[in-house]
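Chains here go by letter, A, B, C, D, E and F, matching the order in which they are written, and residues are numbered from 1 within each.
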Amino acid sequence: MSRYEEFMKFRERMNERILAQGTLEIKRFFALDTKAYAAGALDEKAKELLGLAASMVLRCDDCISYHLIQAKDKGASAAELFETFTVALVVGGSIVIPHLRRAVAFLEELEQAAP
Amino acid sequence: MSRYEEFMKFRERMNERILAQGTLEIKRFFALDTKAYAAGALDEKAKELLGLAASMVLRCDDCISYHLIQAKDKGASAAELFETFTVALVVGGSIVIPHLRRAVAFLEELEQAAP
Amino acid sequence: MSRYEEFMKFRERMNERILAQGTLEIKRFFALDTKAYAAGALDEKAKELLGLAASMVLRCDDCISYHLIQAKDKGASAAELFETFTVALVVGGSIVIPHLRRAVAFLEELEQAAP
Amino acid sequence: MSRYEEFMKFRERMNERILAQGTLEIKRFFALDTKAYAAGALDEKAKELLGLAASMVLRCDDCISYHLIQAKDKGASAAELFETFTVALVVGGSIVIPHLRRAVAFLEELEQAAP
Amino acid sequence: MSRYEEFMKFRERMNERILAQGTLEIKRFFALDTKAYAAGALDEKAKELLGLAASMVLRCDDCISYHLIQAKDKGASAAELFETFTVALVVGGSIVIPHLRRAVAFLEELEQAAP
Amino acid sequence: MSRYEEFMKFRERMNERILAQGTLEIKRFFALDTKAYAAGALDEKAKELLGLAASMVLRCDDCISYHLIQAKDKGASAAELFETFTVALVVGGSIVIPHLRRAVAFLEELEQAAP
């Protein structure tokens, strides 16, 4: 099982458990988290790139991985992803670099998993 | 003098001083900070919204003010700004709210300063 | 008008504007933010102290002020507030100190405003 | 050896080394870190939940694991833990979710390790 | 009264109040916070610059002001301060810039207050 | 292959890929990141310790590992490293402790890898 598959499986299994055991507010937060990225004045790709930039400056690898999957799924090109990385790197500084490395490694895995 | 004018004046005066006294690396960082938002695969508006979302989750009021000015200048509508706020709020949580309040207050001032 | 009154007035005016102009997701987030502190297995005071500790380590002065008002309203004693400050200080380190100073100054104002 | 046992063993071995090699100030900080959670106006369980909420919004997995162990040991119920998670999630936003997943996975391991 | 004098006065008045009302752990933390900057293998100036860089990347204006006062008092030159700013800017990214502006403005005030 | 070697290999492979695929701004940022630590008014060791303290309070394990390698290479003694850890711990609080544990474990590996 690739790291990509492991990530998705753990994510799914834990989300199920959280939604089963969690409070009503946690469930509502999860619903909100999905709706925030629905198309509106901005399209889905633009919103996923916002989520990606925000995740990168906050240095959350799982969030970055998730938004990379989504952004690619909504049609983001490699150039668009790297320009988003650029903004995040300049805003967030060199502490973003280890997350950038893992983002690029995750992109490789994504390409190998779903060519 | 409005808060908007004060902000711009302090910003400009201090940037001048930093560029006069600062190291070569600080000057290069400032140049890079400008270039990161130039049009490429993503247009300028999209990049300013990335900068806005990143500034909001990192909770930097001056950065938010600056990207609001720039995003409006590049044509961002109120709806696009509020959808960017939505992503930032969901990613960053309720601690983003005080900055959201000040962002909305700053938008008011911008509209009064440059109608 | 005291700083406490100013804070409450600005907060209220901006919340109204955000709820008027904001997206449906922002409104839902605001509703969720209220419900998260309702009594459940933990009582309201305990939850406000959780919100206070979280706000303090994230260094959000407005959030700290808000939770101080609420925690006192739900019956938190000075000793309970200072023990919450202690946990936040040890978890968050000396960068919490300026916020601790402002929290203590705000407590003074609260006592003068509502004796 | 389970992940729980590994975590505890690495923690203990490194704490010993830090206390052996570290400065007097590091030793004093470690002592303070223990005392901050002793019963006072607030009981031990309440303080561990404060530490848990603070650790969660600061997104420190090891800190979350440690406070989960302690909170359970001081009598925190599953409902109390999930209400603490709720406050942390609303305060800290969706970037807390990956840590919430790992917290819930760690709770599973704790239950299997010490039934 | 200059901003520098106001800052020092508020700081002192609140520290007194915190030490009067605070828990024993808060008092010990304050003592530790002083001792961490005492000369050892590294001299006082080097430690103040470490405190300055850490405060800058954590974006704590009061902490930056305090370490600027201390670093200058221990003999740090303008060039040493600006090289410390450079490291902090590169590590922490463009969100450090507003704090850098205020740091440079505070340095001006320091020079005017104590020429 | 030791964890140290793995870290260096992954770092190098990903840096190459980022510099090959990345934008011009990312390349410039990487160049700046190197130059910020060159000797000037402060020597290389002092700058690496600044980078180490900044990385520690921002809680970036890879950044800490990198600056530990560099600081030792520029002549930092164990006492200097632990005094830097002390400042970072007091500034950043107990959430720094898990990173301190991993820093001390990494120092062990460095000593075994290059005795």
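Methods note: a contact is a pair of C-beta atoms (placed from the backbone, for glycine too) under 8 Å apart; a residue touches a chain by one contact, two chains touch by 3 or more.
These numbers were taken from a predicted model, which means no experiment stands behind them.
Peer 1: Please report the smallest number of touch steps linking chain A to chain F.
Peer 2: 1
Peer 1: When you check each chain against chain A and chain E, which touch both of them?
Peer 2: Chains that touch both chain A and chain E, as defined above, are B, C, D, F.
Peer 1: Starting from the Cα centroid of chain E, hunt down the chain whose centroid lies farthest away.
Peer 2: Between chain E and the rest, the longest centre separation is with A.
Peer 1: Among the chains here, which has the CA centroid at the largest distance from chain D's centroid?
Peer 2: B
Peer 1: Answer with same or different: of all residue numbers used at the interface between chain C and chain E, are over half used by both copies?
Peer 2: Interface between chain C and chain E is built from largely different residues.
Peer 1: Look at interface B-D and say which pair in A-E, D-F or A-F is its repeat, using the rule that over half of the contact pairs are identical by residue number.
Peer 2: A-E
Peer 1: Determine the centre-to-centre distance between chain B and chain C, using the mean Cα coordinates as centres, and give it in whole Å.
Peer 2: That pair's centroid distance is 26 Å.
Peer 1: Which whole number of Å gives the spacing of the CA centres of chain A and chain B?
Peer 2: Here chain A and chain B have centroids separated by 23 Å.
Peer 1: What are the residues of chain B that contact at least two other chains?
Peer 2: Residues 23, 25, 29, 32-33, 36, 40, 55, 57-58, 63, 83, 86, 89-92, 94-95 of chain B each touch two or more of the other chains.
Peer 1: Should the pattern of chain-chain touching be classed as line, ring, star, complete or other?
Peer 2: complete
Peer 1: Would you mind writing out the residues of chain C in touch with chain E in their complex?
Peer 2: Residue positions touching the partner: 59, 78, 82-83, 85-86, 89-90, 94-95, 97-98, 100-102, 104-105, 108.
Peer 1: Chain C touches which residues of chain F in the complex?
Peer 2: Of all residues in chain F, those touching chain C are 57, 89-96.
Peer 1: Would you pull the chain A residues touching chain D in the complex into a rising list?
Peer 2: Contact set of chain A toward chain D: 10-11, 14-15, 17-18, 21-23, 25-26, 29-30, 33, 55, 58, 60-63.
Peer 1: Could you list, by residue number, the parts of chain F that touch chain E in their complex?
Peer 2: Its residues touching chain E are 32-33, 36-37, 40-42, 46-47, 49-51, 53-58, 63, 77, 79-80, 83-84, 86-92.
Peer 1: In the complex of these two chains, what residues of chain D are touching chain E?
Peer 2: 23-25, 28-29, 32, 35-36, 40
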